[in-house]
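Each of the next two complexes has chain A plus one more chain, namely chain B in the first and chain C in the second.
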Partner chain A sequence: MFRQILYTQWKWSGLGIVAAALASFVLPILTVQGAGTSDPTWIDARALLPALEYWSRAYPALALAIGLLGGTMAWTNDHRGRHVYALTLPLPRWHYVLLRYGAGLALLLVPVLLLWAGAMLAGRMATIPPGLHAYPHALALRFGLAVLLAYSIFFAVSSGTTRTAGYVIGVVAGLMVLQVLILLSGSETRLVAPIFDRLVTLPGPFEIFGGRWMLIDV
Partner chain B sequence: MSNAIETKNLHRRMGKTFEIRELSLSVPTGSIYGFLGPNGSGKTTTIRLMLGLLRHTGGSCMVLGRPIPGDAPRVLARTGYVPERPHLYTTFTIGEAMRYHAAFYATWDGRRAEELARRFGLDQTQRLSRLSKGETGKLMMLLALAQSPDLLVLDEPTDGLDPVVRREVLSALLDYVSQRDATVFISSHLVHELERICDWVGVMDYGRLVAEMPMQTFKNGIKRLRVTEAPSLVSDTPFVLLARETGDGLSGGEVWVVRGWQDPMKQYFEGVGARLREVVDLDLEEGFVELLRTFRAPGA
Partner chain C sequence: MCSAHVHRRLAGAIVLALLCAPIVVAPARAQDTAEYRELVERLAERAQTLARTESSTVRGAERGRLDTLTVGRLTLLFPPQRRALVETVGRTAWDSLAAAFGADTTALQRHVITLGGPGGFRIPEWTGGQATGPRADLEFAVGVVLGTVRDTEARRFHGDPWFRDAVRVMFLAEPRLQDEAVYEELATKPWRVVRACYDGDLAECDSALAVSSDAATTALRYTPEERRRIVGREREVITSLRSAAGTAQCVEARVDSACVDVMRRFYLTEQPLSPLARATLMRTAFTLGGDGSYARLLASDEPEFLARLAAVAGVTPETLLAEWHRQILAARPKSMMLTRISGWIAFLWAAAFAVAATRSSRWRRD
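Coming up: the complex of A and B.
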């Protein structure tokens, strides 16, 4: 049963997963290349860290994108058939949801593992200045948790009806529009930024996406 | 006789204007039950309630001896369902659809599936998105039958199919039923099709069950009578008078459409001073139309 569900999910999102896996593998390598750590003459940690930090923004973005891909693709075909096929299968609804969730998670392990492999390879390729260290395991673990969180959220949102997804998108879009209107009126009131800060700083639920995603750090 | 499906006072409101009301129907085990009704009468909603796809807000529903929706997964494991609109994943090939479906049913009969695929001329490498309406209909019937179900619930399974494909699909269904003592619940508005295969019939209209009886009773009981010299007011008829109309110009008299007719009832006309000229059998479609006409008449 799980194998068949996994197969369907692979069929629907395989291309995206392969692309995400490649991006995940390449990103740490690009990080060290882009920061110039492969250059043996580069030893100034003070100059290296900002360059690495610049690249670190790409990790949470990639984790979000992978979560979005996995979460939405898990349900696309069921939505098309108005879930009739899924509902007529002889298993409780929670069981079917768990199978779909598990299958998506299993597929998303591929980019996470490849990021881990890429990070280890990049760590070895890099010339690390004294006082700095490579953290490929921590980075991969953080990336994995971020993917898990993003996937779970998008999976839950897209499992609902189009109306539910519409409400979620509507609230977010409404806040954005309100913020723009407030700024246009000349007021300094910040509406979105404090909410965003609350969400991405401890104890916010999306704290994992904020902060520094450093492959090489002190 | 036990019932494969039994609903009592089932109720469900759909939107603002339509509701299934006080629906009590009984489908005897082993029967082929034709579920008739015009488009929009509530046939599909009733089926969805019976399979637990929708939750009823009143009454009760038992299918294969188990309560719905509480025990829906167990019931669905023994039920082959062909929905009104194709529900399968169109990205699949036929072979993939068969393997996917098989994974969920312990009773899946792979040999029967292969046999039906050959019989229906289905190429297992063909993608579902490229199938014709007829091929999709055949595939859905194949999947339902290969599950080896005790109950088949078919929602307009031959709607839109050409007569050749329709015959192929129904013949496979009848072969299956003859091999296993399965119950078939088949909804359709193609009355002639049901007339050939069903032994029970239920008629829906406006979310209510208008009639439910053995097919033979339904067919034999509804007659068109040509009557002359009938009194303007009739009462205490031994049959149900569904309609009374002026006859055509040639023969004169009146045409009565009655339900529950039996030959000894001819004597009634002598008693009221009328003359019964002719008794005409109505086929299922005519009976169905007359039944709905009476049901929809003001004050019905």
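Coming up: the complex of A and C.
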């Protein structure tokens, strides 16, 4: 059963997965493009860190994009077919959902593994100045967890009805609008920022997306 | 109407202060011109400070939206809705100032510090590396304390850019951010002396943190190959100053004495570690020394600056350097490392969302 689900999911989202895998492989190589001098001085080392930090923003963004792609593509055809396919299967709902979740996760392993390979290749390609080290394994593990989390969130949102997704988007948009209105009224009350802070710091769900995503660091 | 009245008062205060100058100076007729000029300058500066304080207070009062708070000897003027934040910032600022400057902070009692300045309250938090908002005001407070210390020793110190910059830099960012930046510096600079310091050779740390800005001493802190590199890096500038022969001897013929000579003549006095690194050493000394550290630093008659700092801290120079080294190595940026707790939290959240997905129903209407 899992193989069938995996196959159908691959058919639906194969192109997107291939694009994501390609981007994941190329990103670490692009990151180290400035680290190729044969005689690195401390100026190169000090200049390299901000350059790497600039690229580091791309990793959580890519993880989010891949999670969004995997999470939404897993359910697109079910929604389109009004869940008739799922209803024809002799499975309880939770079992079906877990099969879909597992199939999506298996497909998303491809970009994660390719990012790992790309990071290891990039680490070998770059001439790393003294005092700096490459961290391909830590980066890949963190990327994998970020993809897992993003995928789980978007999968959960997409598994519900359009109304559920609407509620989620509505609450977020409502908070934004409320904050703008508060600012326009002259008050300096911060509504969104404290919520955001809670979400991106431990034990908030998005903490893993923050901080420095450095392939090469001290 | 109110504004015109205020301006008249300000102008009056300045004119009055300047008019009073000759009266105050009168008993000191025997003083020479330099002393006379210094006294007038001080009075003018005092008048300007009074005007500035008065001006910011009046601006706040005109807006009618400011409140005051006294923390230690700091008097802060701020928008009332930021009271909680100002209390936090004020407490942090006062603790830092009191620990470092001790009794010298009495100078602050004459000043009202407006958090935010004329542009209003800007950055509500301390952000790394930029002096804005409350931190810029804290820098002003440090300037007030430094500017008020009068004894000869303090003046000699204040004229020393190393000391002045280190004291000011100490307050420009959170200690943690400063330590992280110094860790990066220690880990990435390829100079032998810095690498040895990173590896724990405290004698080399002493050399890398050198207080002296003397070009002759600086040149000798590097290896011959490093000297060649430094001169080579500045070659374009030096050559344009018609010293091509010495530079060529150093860079191409690898004559070390030529490198030392060029470094001395062109003041290539870049120290192995930056002023920020030295500021962290001074902070370590002040932290260990506690209350009155600054006064003890000024009073110390040790010939070497490191020994002065050690005396302030109440430990030996080796212990001070060891504590600094431990503190910097402990500040290794950890954001890259995936901590176990961070990994588990992400995994648990992912599992929670997956479980939430299984609770969905295909029977519900879209």
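We take it that the second predicted complex is superposed on the first by the 208 of 218 C-alpha atoms of A that agree within 3 Å, B and C clash if a C-alpha of one lies under 4 Å from a C-alpha of the other, contacts with A are read in each partner's own complex, and residues count from 1 in each chain.
Assume contacts are C-beta pairs under 8 Å (C-beta built on N, C-alpha and C of every residue); 3 or more make two chains touch, one makes a residue touch a chain.
Because the structure is a prediction, the values reported are computed rather than measured.
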* Mind checking chain B and chain C on superposed chain A, clash or fit? -> fit
* Which one hits more chain A residues, chain B or chain C? -> C
* In the overlay, answer first, second, both or neither for which of chain B and chain C A:P130 touches. => second
* To do: For A:I208, select first, second, both or neither according to whether it touches chain B, chain C, the two together, or no partner.
  => second
* To do: Check whether A:L141 is in contact with chain B, with chain C, with both or with neither, and answer first, second, both or neither.
  => second
* Does the superposition put A:R3 against chain B (first), chain C (second), both, or neither? -> first
* Structure fact -> In degrees, rounded to a multiple of 10, the angle chain B-chain A-chain C between CA centres equals 150
* To do: For A:S185, select first, second, both or neither according to whether it touches chain B, chain C, the two together, or no partner.
  => neither
* Based on the superposed arrangement, let me know which partner A:L91 touches: chain B (first), chain C (second), both, or neither? => first
* In Å, how small is the closest CA gap from chain B to chain C once the two complexes are overlaid? -> 6
* Structure fact -> chain A contact set shared between chain B and chain C covers 87
* Inside the complex, what are the residues of chain A that reach chain C? -> 40-43, 45-46, 49, 79, 83, 86-87, 93-94, 97-98, 101, 129-132, 135, 138-139, 141-142, 145-146, 148-149, 151-153, 155-156, 159-164, 187-189, 202-203, 205, 207-208, 210-214, 217-218
* To do: Spell out the residues on chain A that touch chain B in their complex, using ranges where they run on.
  => 1, 3-4, 7-8, 11-12, 77, 80-82, 84-85, 87-92
* Give every residue of chain B touching chain A within the complex, in rising order. => 51-53, 73-77, 81, 83, 85-92, 96, 99-100, 103-105
* **chain A-touching residues of chain C, taken from the complex the two chains share** => 79, 81-82, 183-191, 195, 198, 229, 233, 332-333, 335-338, 341-343, 345-347, 349-351, 353-354, 356-362, 364-366
